[in-house]
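Worksheet: the structure to be examined is printed underneath.
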Amino acid sequence: MDSVDKDKVTVIDATKIDTSKYKREVKREDDAASQLKSTGLLNTLVYAKDRAEKRDQNVILALVDQVVNWGRLCSIWPVTSGLACCAIEMMSMSMGHYDIARFGSEVFRATPRQSDLLFVAGTVSKRMAPRLKRLYEQMPEPKWVIAVGSCAISGGPFVDSYAVLTGVDKIIPVDIYVPGCPPRPEAWLYSMIQLRKLIKEEGVGITWGLDK
Amino acid sequence: MIFENIYEIIAFILNSAGILQYMQSYSDALGISIAPKLIIILIETALLLVGVALMVMALTWMERKVLAHAQARLGPMITWYHGLLQPVIDGVKLLSKEDLMPKRADRWIYFIAPMIAFVPALLVFIPIPFGRDGAIISDLPMGILYVMAVSAISPIGILIGGWASDNKYSLLGALRAVAQDISYEIPMVLTVIGIVLITGSLSLQDIVLFQDKIWFVFLQPLGFIIFLVAAVAEMARIPFDLHESESEFVAGFFTEYSGMKFAFFFLAEYAHLFSIAAIMTTLYFGGWHGPMIPMIPPIITSIGWFTLKVLVIIFFTMWLRATVPRVRVDQILDIGWKVMIPLALFNVFITGLLVAGGVL
Amino acid sequence: MARTEEYQLNVGPVHPSTHGVLRFVLTMDGETIKDTEMVLGQLHRGIEKIAESRSYLQFIPYTDRLDYISGMTNNYGFTKAVEDLAGITVPKKAEYLRVFVMELNRIVNHLVCIGSLLLDLGAATMIIYGFRERHKVLDLFESLCGARMTFNYIRPGGVRGDIPEGFIDNAKEFLRDMPKRIGDYAQLINDNEIVHMRMKGVGMLSPEDAINYGVTGPMLRGSGVSYDIRKDDPYSVYEELDFKACTRPECDTYARYIVRMDEMYESLYIAEQALKRRWHPTLQG
């Protein structure tokens, strides 16, 4: 630390940085074939072979697995359930600015029976916990849970309160955690992308029934 | 060649390919000479199913896109070109979802309800002329009566679905939906009487042919407005969407349904939307009439015109959905019984006078 | 004569129309609601108990999380109490800045309120437009304090920090654009026949009831009571600002909606004045 020459350290004014040159170039697929490829449909076929080798599976089953996964990851319907402050950011995420609909997830189903994803968005009070668990149990398989906000992860600012559950993973299994209080909508979108990866890689697939 | 219906078209194609004769002789030798006919009917059914399914998929995609763009959003984007594959993906997903059944549900009824709701929506298409030169499955002489009768079956599916789910939300949603369906069926049928009075025929093909010069929208403006309102109610679209009424009864009668059964209700809803838009086109917008384009076979152009008109009507309902709120249940029934039915009767009265006076 | 029976319907705590975690047990007769029993406490976080073990400054972030749509106003309420207790006088320029952010926050609050109202009536479009404007305000706030919803901006003695570069231009742009947008929304909603059917004569709250129940804000003014604490018992610098309390006499949901719409215009006007005065040459420094 002593070796740093104090005079040589220049203070950078963050507001003066020209961010325009950091703009990421957006790669666009122009022709339909490559767009189809980017959806994962063609890649699905390629991956299926890998998958079959990796899991020592029949190629056909692996292919079915892949197609089903592809369907699941592009159409994740969340259940409409907001618990506290974070729920407002959940609404922001589905509105024009951030538009979760691009991932095919704007269909917020009001009934757990028809949804795939539970956002635990906000403080889980001890009174609410059993109901949340019930909500989770009412959802049909396959289902995923994203715990959003420090409250849902660990109790957050209310960790020493007598009325708040410290971490929703004490009652239901959580797939992805998104820290923040509240997390920015970008972080939510990032969590969606992570979830898509999770589905793609692990793949719950149609392991039930067909495999046996 | 002039064909009567799709059956003859398929028979002609098979005949000219030489398959039909072969099939005929083979089945004659086996003693089941009816087999070729059955096969043709099967092909016809498959065509209808595929056509309606494709249309329904297109409609769900269109709905999401239209709504999104009305709301300054983009809608589905990542699944191929502007999310065109989204309906397929939803289908794949719903197919692979767990199929839950509530513990105290009435099993068989719960199981059969989605089908009862879905099948009539398909049956409606039988007497509707999609295009000229025989693009019709069967030109029933009682076409319009048949259409009204069959589309009145779906509420039964809704009602028993809501009943069997053993959920108060479902039951209330189903009761509301059925009340709405029934009370708007009546003005709808009454307005149709006006048209039937003028054409003097119940066959939809005749009704379309009658509109060669002038569409019924201009002959029956009052009737059209009543039919439009009743149609929006029958389609269960906002402002008359008691079927789902999300902010009140969660998801209406299919609250407890999941997976493929839910998908069937969903499909039925959109098939119904399509079928009613098709009936409206047939009755009021001249069906498949439209300027014919040279070089293209008229059957294809006419089907194109028909589809276009249907899509415009459906676009209108989607636009409506993006703009107006829902009407409360008692207000819906009020409008149905106290405004629509008297107006429809008045329409019948006026039309009757005009027809009797020889004006129309 | 058919025999009918009342039945009970449970709404919530997870239900699309409860917006959060609220539970009703409705006693219904057919479609008519006869009685409502409220079950509260699903979002009880024990804030009071937490406050006992926090210092004044530490507690400000918690106030953001009380009414999480208008964090600034909550900040102010708590801060004001602390300042009064400790006898702190706040510089005028800080007060103007506070009023500015609070009025913008009021606009956000009303936008979300109107959007949710229309969403419950079944029109999904308004809330998305409302959130579009909300994002603009939140961008402003974010440049002030770095957070989108939980600001922790107003502190005893003033605010967390002065405005960043370019803030005034952005704020002016927003103030300039917003009246047109509100006009658009009014066009979308006000003359809609179905909106009138759903909102007029619904949720009547007579002036006497409103006062007896201790209702405040737009709810009270929608019942025809012209009482605005900013005018009748002014705090901060509201005395020096020119605005009017919007009141409607109809006492129904529609009146309350119109009050909110009008208040957005007033808030814009107040914010504009506050912005002007804060950067008036005599206040510089």
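As written, the chain order gives the labels A, B and C, with residue 1 at the start of each chain.
The working rule: a contact is a pair of C-beta atoms (placed from the backbone, for glycine too) under 8 Å apart; a residue touches a chain by one contact, two chains touch by 3 or more.
Keep in mind the model is a prediction, meaning the values are calculated, not measured.
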Problem set entry | Chain-level touch network, classified as line, ring, star, complete or other | complete
Exercise. Taking each chain's centre as the mean of its CA atoms, which one is farthest from the centre of chain B?
Worked result: C
Exercise. Looking at B-C and A-C, which pair shares more C-beta contacts?
Worked result: A-C
Problem set entry | Mean-CA-position distance for chain B and chain A (Å) | 37
Problem set entry | Approximate Å spacing (C-alpha centroids) for the pair chain B, chain C | 45
Problem set entry | Interchain centroid distance [CA atoms averaged], chain A/chain C, Å | 31
Seminar exercise, completed: Residues of chain C that touch two or more other chains sit at 15-16, 128, 132
Exercise. If you look at chain A, which of its residues touch at least two other chains?
Worked result: 95-96, 110
Problem set entry | Junction residues of chain B, two or more chains touched | 71-73, 246, 250
For this session: Enumerate the contact residues on chain C facing chain B in the complex.
Result: 7, 9-10, 15-17, 31, 118-125, 128-129, 132, 188, 192, 194-195, 197-198
Seminar exercise, completed: In the complex, chain C touches chain A at residues 13-16, 19-21, 41-47, 49-50, 53, 61-62, 64-65, 68-69, 112, 127-128, 131-132, 134-135, 148-150, 164-165
Exercise. Once bound in the complex, which stretches of chain A touch chain C?
Worked result: 15, 79-85, 87-89, 91-92, 95-97, 110, 122-123, 125, 127-128, 131-132, 135, 157-158, 160-164, 181-182, 184
For this session: Mind listing the chain B positions that touch chain C in their complex?
Result: 67, 70-73, 168-169, 172, 176, 238-239, 241, 245-248, 250, 322-331
For this session: Using the touch definition up top, name the residues of chain B that touch chain A in the complex.
Result: 64, 68, 71-81, 83, 85-86, 88-93, 95-100, 246, 250-251, 254-259, 262
